[in-house]
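Shared chain: chain A. Partners: chain B in the first complex, chain C in the second.
And then the complex of A and B:
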């Protein structure tokens, strides 16, 4: 499963006084099993982009190609949603059924899974997000905690067996433990199940911890698509476009400025700890 | 210093049919005038419910909340309570009521019955205070998230409250938007003496707070200075919280045997502390 976006532009309200170019000349390709972080300031076009990847928005120009097929020309909507799942911000607001089982089963039922397939995929999806199927299946999702609801909502998308899963700020609003739990499960989906992940986040640490590659959007353009190490290498440039680098990296940069010769290309906390110990020494 | 808010034996249940399902249970605490207080706690710990008690949006099932000595249950003083304590919520889009920035900022002031001739000046001052004066004629939807949130703050400060409660007001913003709003809070606190109560899941935003209160399962758990609160990573993790990334980094170095003081919370202090060991 691969996604190719070719020369895509999107203009809202084309031909009216409200005309606004949200995306301009976007080109990239994403391979199977990739874990991609997507970062950018508010209003940079991230959300517009992800809605193109499962056909919710049509490009003004350019194309979105999944497995060699132009989704807007050669793929019916049902086929698209089977391949690409999107978890929007605060997805728990979209829960609506009486029980967790029914809610998670809604998507696969709609795209024509058999009863048997539905039961299997609902069970698997609920377990993939770390909930106990037998414990939660008959519970009302509205009686659950915020973090649990969020996981049920993600399970509802997973149940359609997408090979590409796009998540828009999946950890926002959760307590610190809830954040790391959700991100842990998303990482597992990528590493163990092999689902390609596109993670939209304002949190540089989340992106630094998990993504293999990072897309940086600014004012409707894809300004960088590279490894986290490369993307985080230019602090000034990132700050100019409303972003930043992880704090651990800032500490390394601060040390370098004071003449301590640490490797400033590192950005994860655990790597920074090792590096500082290597250079400054542990037992002192 | 005087207490601007006093919470006494406060309990609260959302559903009067289920009085035992308490969102808050026997909470007592006070906020002093001029303080910058952070409130943290896991999802469902009661933080936001508590915040809504501070200006009478919710009223206690048991116990009392006093704002400048006024009981929030006393209907006659409710307007004064709300003039004293303003609220800024999470989603700036839900807080915009007008189609032009200055009208949006004027909305609250108008409702307070301020004379029409004075409103313009008040609104302009508020916009200047959040560095958004040049945007006064713009449409709110053309602004970035951080800018919209600053407009929401301007709408509150135009009413000149003595205390502002920020309920996860940075959660939906990008890094620059977050730091804009955070520095705005500190400016209001330092320069105008506004009491700030800041509810957040981002621990690093509370490094400069005077005091942090931890809520857990609907109850007051403990409080302390940032240094005190962030000195026990393991305890915080048990409460579903964590420490700022810099503190985690300092902790890791400490565990490897480096002698770094627990007073180190900021990046700058950590760099300094490491340099001294070199």
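And then the complex of A and C:
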């Protein structure tokens, strides 16, 4: 499973006074099992891009190719959403059914899963997001807490068994505990189930902690697509486009400035903690 | 839905924009009265002339007015067709089977069509040239003069302004939910009418849930700022009539009086 985006541009309201170029000449390809972080300032075209990846928006020019097929020419919508799942921002607002089971079953039902398949996939997806199937299946999603609702909504997309899962700010508005739990499950999906993840986030730490590669968007262009180590190596460059480096890296840079000899090329929270322990421990 | 012109404001610096909202509302009402009393072609010509003048003085591009006519095109067409088919009188122009078209029918249909279009165009000018705050303010002040509306004037206008304020928000929300459900394989375009109606549920339920939530939050926010209805409430911007409004009123009523006096318009019975 791979996604290839070729020379894609998108112009809103083409030919009117409100004409606005949201994306310009985007080229990239993503392989199976990748965990990609997508970062960029508000209004940089991230949301527009992800909507192209499952056919919600049609490119003005260029194409999106999944497994060698141009999705806008050779694939009906149902075939696309079977392969590419999108979890939008605040997905709990899409819940509508009376019970959690029915809501999670909505997607697989739409794309023609059989009764048994639906039962199986609903159970699996609910457990994948860390909820107890037997406990929640008959509960109304509207009676759940915010964090639980969010998990049910993510399960609703997972139940369609996509090979590529795109998440737009999946942890926003959650408490720190909920945040790290949700992100942990997403990481598990990638590492254990083998789903390719595209994670859109404003939070540099989330991206740094989990992504294997990072896309940086600015003003509708893909300005960088590289390893997090490379992307987060240039603080000034990132700050110029309204972004920054992960907090853990900021701490290391601050220590360095104070004359403590730490490795500032690290960017993951865990690595930074270990590095600090190493340095402090060494002094003792 | 985004093509709706009513409730959309077109900012410009013009005579009409600067008029007091009350003047605009009253003159629009007068105009509506006028076109329902029109008896002859001359009357329609004058009504049309008045509309052209209003557009010119408002500096609103004609394009916007025409866009406002689009949503009512269906109703206008329906009215015309019904009037052509059902009115009997005058010469029989032609007949196909049981359908008989009379001269009178064509005339009545044309009149109705023109009437409706003039009506919608003027109302569009009013809403395009007045911000919603001014509009509801004007309505409130006018309603206070009406005996049986006096006590609820503030509540009604507050409800109107909140409703207008939330139209774009709800449009955005609908769009967002629709995209989310489409990503879950929902299909809104195929199937018969029952299936299509059922397919709307995954949009309507979340939309209502969030609308109620928003309403609750808004009520809370208003109470937190000590909102207690209209009683004793003063305004930051008090509406004041100016010389401009006097001019507009005089022109409007003068036209009306002359037309009534000369018999071009009058009560339809």
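As a working rule, the second predicted complex is superposed on the first by the 272 of 284 C-alpha atoms of A that agree within 3 Å, B and C clash if a C-alpha of one lies under 4 Å from a C-alpha of the other, contacts with A are read in each partner's own complex, and residues count from 1 in each chain.
In this text, a contact is a pair of C-beta atoms (placed from the backbone, for glycine too) under 8 Å apart; a residue touches a chain by one contact, two chains touch by 3 or more.
This one's a predicted model, so the numbers in the text were calculated from it and none came from an experiment.
In the superposition on chain A, A:175 contacts chain B only, with no contact to chain C.
Contacts of A:93 after superposition: chain C is touched, whereas chain B is not reached. In the superposed model, A:156 lies in contact with chain C only, and not with chain B. Of the two partner chains placed around the shared chain by superposition, chain B is the only one that A:250 touches, whereas chain C remains out of contact. Looking at the shared chain after the overlay, A:130 reaches neither chain B nor chain C. Taking chain B and chain C in turn and counting the residues of chain A each one touches, the greater count comes from B. Put simply, chain A uses no single residue to touch chain B in one complex and chain C in the other.
By the touch rule above, chain A contacts chain C in their complex via residues 51, 54, 56, 77-78, 81-82, 85-86, 88, 91, 93-96, 106-107, 110-111, 142, 156-157, 160. Listed in rising order, the residues of chain A touching chain B in the complex are 40-43, 145-147, 172-180, 202, 204-205, 239, 242-244, 246-248, 250-251, 254-255, 258, 260, 269-270, 272-273, 276-277, 280-284. Interface residues of chain B, counted against chain A in their complex, comprise 41-45, 90, 144-146, 168, 171-178, 201, 203-204, 237, 240-242, 244-246, 248-249, 252-253, 256-259, 267-268, 270-271, 274-275, 277-278. Residues 173, 176-177, 179-187, 201-202, 205-206, 209-210 of chain C are the ones that touch chain A when the two sit in their complex.
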